[in-house]
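Read from first to last, the chains carry the letters A, B, C and D; within each, the first residue is number 1.
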Amino acid sequence: MSSKLFAVVAGAGPGTGRATALRFAKAYPVVLLTRKPESFQDTVAEINSAGGKALGIAADAADPKSLKAAFDKIKSELPGYKLAAAVFNVSAGYGPKPFLDLSVEDFDGSVQGNARGFFVFAQATIPLLLDAVSTSEHPPTLIATGATASIRGSATFATMASGMFARRALSQSLAREFGPKGVHVAHAIIDGIIDIPRTAGRTVNGGVEDSKISAHAIADSYWHLHTQPRSAFTQELDLRPFVEKF
Amino acid sequence: MSSKLFAVVAGAGPGTGRATALRFAKAYPVVLLTRKPESFQDTVAEINSAGGKALGIAADAADPKSLKAAFDKIKSELPGYKLAAAVFNVSAGYGPKPFLDLSVEDFDGSVQGNARGFFVFAQATIPLLLDAVSTSEHPPTLIATGATASIRGSATFATMASGMFARRALSQSLAREFGPKGVHVAHAIIDGIIDIPRTAGRTVNGGVEDSKISAHAIADSYWHLHTQPRSAFTQELDLRPFVEKF
Amino acid sequence: MSSKLFAVVAGAGPGTGRATALRFAKAYPVVLLTRKPESFQDTVAEINSAGGKALGIAADAADPKSLKAAFDKIKSELPGYKLAAAVFNVSAGYGPKPFLDLSVEDFDGSVQGNARGFFVFAQATIPLLLDAVSTSEHPPTLIATGATASIRGSATFATMASGMFARRALSQSLAREFGPKGVHVAHAIIDGIIDIPRTAGRTVNGGVEDSKISAHAIADSYWHLHTQPRSAFTQELDLRPFVEKF
Amino acid sequence: MSSKLFAVVAGAGPGTGRATALRFAKAYPVVLLTRKPESFQDTVAEINSAGGKALGIAADAADPKSLKAAFDKIKSELPGYKLAAAVFNVSAGYGPKPFLDLSVEDFDGSVQGNARGFFVFAQATIPLLLDAVSTSEHPPTLIATGATASIRGSATFATMASGMFARRALSQSLAREFGPKGVHVAHAIIDGIIDIPRTAGRTVNGGVEDSKISAHAIADSYWHLHTQPRSAFTQELDLRPFVEKF
């Protein structure tokens, strides 16, 4: 079995992306893709200084050319490596807004960032994942991060829900097409506020401890998904804090 | 109560759109929107010659400018009329295709035709529907036609499902935002082959009679949705032939 | 086409059952089944004095013997009549209660009243509905009334949700088995408070008009379900007041 | 932190139950409950001879008295131990049968075995799980094994689906009531044939390797559920072989 495997995380800013990179870096060299270098720099440095191997590349997952350039660079930087895991964690976040105040650009932005980006990322990674089926210890895995808006079109969340429903549609379709070929495609519904610096000021559930989701806990579940053997793939799971209403 | 009410059907080609126009024309003047005039001409003529009132306008629902021009024309042709019902029946059909054979344009085409078109149509019609709340006998209604691909991302249906999941997300979000304001937003999951000239050659379920969906039956259910009082709105229903597997 | 058709409504007390009986009585003789005669007496009298035909029978739908006796009586009272529509509207209501305060009897009561009752009722009516397939104008129909608890296991609603989830399971299974044989099996998720004398004192949504569901509106949707041709059956729809949160 | 913790598995016959017992025995003494001693004997012996600690008790989970006696015995055999994990894996399997051939006893049997059993088991274990919240390293966990029939009422599966839908309803309701109190309640939809001696003769997907679910893989996912911190609980996940149609 080849040990020349790597993982790639798109949307590797603070939170789920960073935690996932740290988690998968325990087993593989990890490539972090974000639009801006400052989003991945610290995590890349942290992994490399801790003895792991990380590579950051600035790229826009929704742009096929940008993503192609990123994967060309990966190929030259990690020659002969096969892709064991790909995580799409980009969040083109669109908060609540009255429907009649939205512009078509708001709609396009959510759909492009949240769904087309995953489409492009999947087209870039699935051939690589297929290529790793016979050598990877764990079935090659493509994980998409979802949200409450993936399964519920709430009032004033029209744009976010459109993009996230579409991302989930893609995830299901890919699971059904590529599962039988040995690639594990999974979707995680993250239902709650993630505990990151940006959300530090937000009080959830009266400030009860653990009422925000630990990004590291999400990463542990992603790692678990990756290690599932092909006889028992999970296509979808939810993750929420114990106090979250649902 | 004003009798100056009208209905608009986007995607009024043969099948559900035409049947819906015929059904709603029994009660209201009906505007048919399709991209090409030849798609609405016969239906418009049929309604007008039968004593009803129909108006056809060539427009692309996914294009805000095109749709705005269409509604400006409606305003001048039907001065003082309020909008009682709007049906979005556009189908930017994308059949099965292996995921790795798809282009980004395929993805964009489905999402724009199937979801952005509904977004634009809803932005054009909801203000008019809100304006009719106090005068329309039946609560003003916005109906979106869905499909199996609205709730299931089947293998090789990645693009169609992306667009249709997003359409359903919009429908839910709009129902939650505008229901309390008196506008009824509903979504119909059409699960089966519609019985229209184009599908005449397709044998379904061994050719058993009624194994394709009657477009007129869909139209009757849409009319029922429209007549529901605000104390009992249906947000979603499915429609399928009695022999359809599901 | 035979005009000798009848309908039966189980759980025909005030609210949905009574309204359904009144609605279907416009087309058919109607049999009302309730546990206690005082629950059907007024409705039966009202239908008969208005020129319709109604028959009330005291029976417990969850008890096979009691139900068999009821159908034997129907056979003798309506000789030669075939069953066009059967509505199961029994509500063995179990309100919220902390799980650890529940008894096994609470659980059994909900499951028996809400699910076993529908099982027994379906076993009694489906042979009769099948027998009417070739003579009934509208496809013979079996409708089950559901609730929010049919699709959501809320905190402290363990018993109610158990029975109602099971009722919905039955409805789906029967639709898939008997739809292809021409019997229409549908399930309605009633999401909200029904506007009946018993709920008059409950203020919903600040007392806004129409914020409770009209039982007559439910009955109209049930009638619509019944009149759907077999080319376009609805298996499930929801019904809720325009102001209801969902 | 107390190390005096134990786990209990109801329905610990071959397959998921046995594998779960073996997996949790790596961390805790494990109690196996089955109706017949011969169902747990080998597994209990295997765990004890490998240096773990296992206890088998013959009990019927659907019978409150029988289950109470079992937990009394646990208390005397494991004095001072707190309950870290409880797994309900009883399968009162009811295969396909035409609806009109079913008896009320078939219905009752499925509902009692599949749902009432879980109700009784949850009432026995939740107080113990609550009592372990402050001392268990991982949040005390109650896991219910589900199946395809938990979310789909297939034709001729009326009884099995009734019981399994109800089990899922209970799981959701318990998760919402006891999650905020620190007990993790999860439900796993096992979608496929489990690879056990009893199913050895059944060819699935043309006999492709790994086309049946490994019970040990299920057990690993159950262990993962148990180790999730309270900031990121999964309420539901699915598990199916890579080649399984869904």
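Rule of thumb we're sticking to: a contact is a pair of C-beta atoms (placed from the backbone, for glycine too) under 8 Å apart; a residue touches a chain by one contact, two chains touch by 3 or more.
In this text the structure is predicted, and so the values were computed from the model without any measurement.
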Greatest separation from chain D - chain, by CA centre: B
Rounded Å distance, chain B centre to chain C centre (Cα mean): 31
Separation of chain B from chain D, taking each centre as the mean of its C-alpha atoms, in whole Å: 46
Inter-centroid spacing, chain B versus chain A (mean Cα positions, whole Å): 34
Residues of chain D touching at least two other chains: 176
Pairwise chain contacts, counting only pairs that touch as defined: A-B, A-D, B-C, C-D
Partner chain B, residues of chain A touching it in the complex: 64, 98-100, 102, 104, 107-108, 111, 115-116, 119-120, 122-123, 126-127, 149, 152-158, 161-166, 168-178
Contact set on chain D toward chain A in their complex: 139, 176, 179-180, 182, 184, 195, 210-214, 217-218, 220-221, 224, 227-246
